[in-house]
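Chain naming follows the written order as A, B and C, and within any one chain the residues start at number 1.
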Amino acid sequence: MTEIAGPQLPAITELNVRGRSPWQEAWGRFLRNKASLGGLVIVIFFMLVTVFASVIAPHSPLQLHSGKSFLPPAWVEKSTTGKTGDQQFLLGTDTLGRDALSRVLYGSRVSMMVGFVPTVIIILVGTLVGMVAGYYGGTWDNFLMRLTDIMYGFPDLLFFIIVLIALRDTWIGELMSGLFLLFFALAIVNWVSVARLVRGQVLSLKEKEFVEAARSIGVKDSRIMLRHLLPNILGPLIVLTAFQIPNLIILEAILGYLGLGLKPATNPDAFFITSWGSLLLEGQTAINAQPFLLLAPAVCVALVVVAFTFIGDGLRDALDPRMRGTQ
Amino acid sequence: MATYFLRRILWMIPVLFTVALITFVMMHSAPGGPWDRDLSARQVDPATQKVLNTYYGLDKPLWRQFVAYVVGDFTQEGKFDCGLVCGDLGPSYRVRGRSVQDILFEPPKGKSAIYSRFGYSMRLGFLAVSMAAIIGIPVGIAAALKQNSWVDYLSLFIATIGISLPSFVMAIFLIIIFASILHLVSVIPKNWDEIKAWILPAAVLGFGTMAYVARLTRTSMLEVLRQDYVRTARAKGLHERVVVFRHMLRNAIIPVVTILGPALAALVTGSFIIETMFSFPGMGRAFVTAIGQRDYSMIMGTTLIYVFLVSVANLAVDFLYVFIDPRIRLED
Amino acid sequence: MRKLFTLMGLLVVASMVLAACGGGATPTTAPAQPEEPAATEPPAATQPPATEPPAAEPGILRVNSVTFPDIVDPQKSSFVSEIAVLQMVYEGVTKLDGDLNTVPAASDKWEYNADATQLSFHLRDGLTYSDGSPLNAARFEYSFHRNIDPATAGEYAAITDDILGAAEWRGCTDSCDDEKAVVDDSVKASHEDGSDCTGYDDAACNTFTLKFKQPAPYFHTVASLWVGYPAKQELIEAGGENWWLDPANQIGNGPFVLSNLEQGVNAHFVPNENYWDTKPSYELDYSYIVDSAVAFEAFKNDELDIVVAAAEDLGTIQNDATLKEQYVNYAGSCTFAVMFHQLKEPFTDPAVRAAFSYALDRNAWVTDVLQGLGAPALTWIPPGFPGFKEGETRFGFDAAKAVQTLTDAGYTVENGQLMKGGTAIPIELTFSDSPRNRTRYEWLAAKYKEVLGIDMPLNPVEATTYTSLTKDVKTAPQMFILGWCADYPDPQNWLSVYWKTGAFGERIGFSNPDMDALMSQADAELDPTKRADLYQQAQDMLVAGGYVAFMWNNVNSYLVKPWVKDITRTPMDANWPGQQVPTSITVEAH
């Protein structure tokens, strides 16, 4: 056997390939998805607005301007009410002459938090309950589902009234101008649909082969639920999250309408002053007088919804193991 | 399987009882009572209040009131007045003289049951859910099959509007467009016997659900799209429609069905804003206003109806699960 | 999967069928009217294509009555929209005319005894119900009696408490035969000579007498109220608790007949052919649209002839040539004031109350908050009502004076807190939570901060909870806005009914024995001039004492189509313009 002189390969001393964890890969996929990136940008933008509202806003959101009520946006020459826009008030004014733009900017604080915080609690609690009920079935399922039936049934409104009134003047009620109480109440009332959704998904998934396989090799139940079932129900779960957020924003408005809203602030230095939900309510009655009072917060809510939807879709695509290597 | 469903139905009784108990306790701990009306109206004077309290049994201890509501109590003359177990939902505190089941279930004289408040709400709820399903599911499927195309983005756009616009805003917009500008319908629907009058209220009521259903279907379908068995089916040369409907949709529909059930219950009872904007003669208003007015019987009655509807809906959904995916087992 | 779709398809079809079925033919233009009275004409040619509502016909007046009545029973109703129905169907022994004078209605004359402790009405001859059956004094005996009966438990029953024995019987809970017997005697129908009546068919039963526990020379005005309307006993008893739901049971003696009452949707009236006075020349139709934006759309779409003009829509109305012409605005029947709790710090001190009143810029309030729908008020009885004092200027807006008054009384303001002698006195604004109230109290807080420098945190409370708070003098807020609307146009209703010790003023701890004495004297005074003067003195005492800060009077603000003519406007048009004298209105062809 003669030696054939092949191409000379360099001596491989170390592998110069940097290992990438699945999470890093997922993050990379997420960023490459233009839609989800856009969504992330919007959410970050609104978060910045939340933090820096007092700096960005041209006026104090509480400052009344006598005689300047229902001014149209600055670019309007003559509105249906015969008024002209004023440069000072870019989006016009409300019934008491307060600057609409400033109020919308400040409104993002409450709305972003109301959208976020209870949602996190709802998703966590609902997923846990749904998983356990769906996976273990039997008495667990029965008990937990009957519990959700009860929770579904009792009147949310009554619950809000009791909780908010009873605890409003206590230390719990004072936390974050009453927002903590609101989040708590909203979370308690809304986790049920998540639980049911997750349960349904788990019921369908647990009979699949991969679960059977995992069980047969002795994988612990909790690991099955976390590592095998959870990623597969992520899709609908994310859609649900994306829908919970505007749901909560608007629910906060309706609660305000029924007398259970955030305590209105008189001090412009307070952090939480108004919310998009309240602005929507104020704007609805004034729809003929100054439609931008309604349009501005509605557009903000819509943007946040779209942003979260894109982020959600992007997340699901990024975390889907089947997508690996396809982008 | 039959025993499972029988057990589920029997379980409804303790659920209803628990809800009744919790609601009863909660509503009596809320400050104020049925005689504390809006300050712009004349208040009931103390003497009359006393008489009314005796008449409604509000001066009796709470436990006795609860028992009276569920089982019954003896009147001043010694007669036994049967309560919930006999189907009597109690007298309304606000509309004196009418009982709760009267207000909700009695049709106007000479008309059939579907003209009662409950009947109207049921019809509207069904119509809204049907619209949500009939429009939402196909849109979701199309968006999934043509991911990132104009169909997908258009559906996203409409879905966004559906959920970010509160119903009272959408209602006024639609009224302005369809009634004031296009003159296709009237602002005040005068005749609820015509299907035309039902379209706007059902659309506004069901729009949110429809958006949700569309997005959920899309997401579910996308999940399923990546599955191996879809590739196999396609590779087998099966017609696309067969692939979609027989293989994909069956799996994707589970989450949609899950939410449609309770959605129906919620829409039947949650039409408060629709009723306000369209003067719709349903029972949704009763749910909300009863709490503010502390109309105790109405609160109990509407709550129990709602729980009952939700329980039935969830039962139906679980039933459908088995239908859709035979691998699903409900008992363990 | 097929199955699922078939199921759903069936569902949709089923709901459509369910929705459309029942009722047979589907009319598209005129509403289902039971009969066509001769007055109406076929729909005019000018109709928008394929629309629903009753065509804009001459002879039908379409009004938005906003909230559907909870109950339409003369002795049990109390809301504005309920009264708006009752007023059309029934008529009392007296009624109000366009100038708010009490004029004959079912009775043609009345007479007080020497000291006004007894009032006798003489019923008109030949008076009938809308169905032709005779209407005699026994009917009124029944209705007044029913109002006082504790079993009825009507919300406005207390308004006739001047009647001897009424208050005692109403409040009685055990065996009440004695109390009832007293009322049997104080509310009596009889023949002209005083002998007893024999029943509802007794044509000679034309005298209706009331006895009072003290002189009540104003009671002929109270008798015009709906609590005395003569609904038929046999129909009430036959119909049971739900008698009022069926228009067939609402047989009345008013200008209209109730032809249709559809729960939550509609009330329809046709002229009463048996009405003793001028019959109305049109049919009346009430819609019940709660949302003002929707009602406005309906008005612009020619589906309604009269709607309330909301403050938010004023700008659009004023700027539109057509709508501007259709807008009416005139004084209402309510006064609103900032009530100060007389027993809670710091408002125990008249100086603080005065300062807060001086600090209140009522004109700005009317402009900013009410969008012009109101008029500043510095006195209690509103313009247009007997007893109104023109040119009152005490405690009007004067920012400098406000600050001065506080300083003079030894108060300082540090860091937004009102201080006296080193201690801070917190003031909080508690109110019923609603978007409208939030705007109002936010304005109030901002303005008081501006003028006086005091920070007042806002404390919105759920509506019913708020009501229960205000009912007890211990829990009532330190300061809150409250109003009073006239039940009937007499100073007695404004002053005695509200401000006497133990009456409505009690919730803020108000009690002024000197004023009580004046008011009691005025109540019993028979000479009208002296009476008016005494009431004026009482009102003067009220204003001078600076107990509350009078703030504004409301206005009636409506949009009326140009073909609705000859509306008699009165301040008491709480539901729609012209409701007090509906027979004067004509609806022209258009």
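Please note the rule applied: contacts are C-beta pairs under 8 Å (C-beta built on N, C-alpha and C of every residue); 3 or more make two chains touch, one makes a residue touch a chain.
Note that the coordinates shown come from a computational prediction; the quantities given were computed from them, not determined experimentally.
Across A-B and B-C, the chain pair carrying more C-beta contacts is B-C. The central chain of the assembly on a C-alpha centroid basis is B.
Per-chain Cα centroids separate chain A from chain C by 46 Å.
Once the centre of each chain is set as its mean CA position, chain A and chain B turn out to be 24 Å apart. The distance from the centre of chain B to the centre of chain C, each centre being the mean of the chain's C-alpha atoms, comes to 36 Å.
Contact with two or more other chains is made by residues 293, 432, 462-463, 465 of chain C. Each of the following residues of chain B touches two or more other chains: 30-31, 168, 172, 292.
In chain A, 161, 165, 258-259, 284, 287 are the positions where the chain touches two or more neighbouring chains simultaneously.
By the touch criterion stated above, chain B contacts chain A in their complex at residues 11-12, 14-15, 18-19, 22-23, 26-27, 29-31, 156, 159-161, 163-166, 168-169, 172, 212, 215-216, 219-220, 222-223, 226, 251, 254-255, 257-259, 262, 265, 287-288, 291-292, 299, 302-304, 306-307, 310-311, 314, 317, 321, 325, 327-332. Residue ranges on chain A touching chain B, taken from their complex, read 136-138, 141-142, 145-146, 149-150, 152-155, 157-159, 161-162, 165-166, 193, 196-197, 199-201, 203-204, 207-208, 232, 235-236, 238-240, 242-243, 246-247, 250, 253-254, 258-259, 280, 284, 287, 294, 298, 301-302, 304-306, 309, 313, 316, 320, 322-323.
Only residues 292-293, 296, 310-316, 318-320, 364, 367-369, 371, 432-435, 438-439, 441-443, 445-447, 449, 455-463, 465 of chain C touch chain A when the two sit together in their complex. Of all residues in chain B, only 30-33, 36-45, 47-48, 50-52, 54-55, 94-98, 102, 108-109, 111-112, 114-115, 117, 123, 126-127, 129-131, 133-134, 168, 171-172, 175-176, 179-180, 183-191, 193-198, 245-246, 249-250, 253, 275-279, 281, 292-294, 320, 323-324 touch chain C in the complex they form.
Chain contact summary for the complex, chain C toward chain B: residues 1-4, 8-9, 11-12, 14-16, 18-23, 26-28, 31-32, 48-54, 70-71, 76, 78-79, 150-151, 153-158, 167, 170-171, 173, 240-242, 246, 262-266, 287-291, 293-294, 297-298, 300-301, 303-304, 432, 462-471, 482-483.
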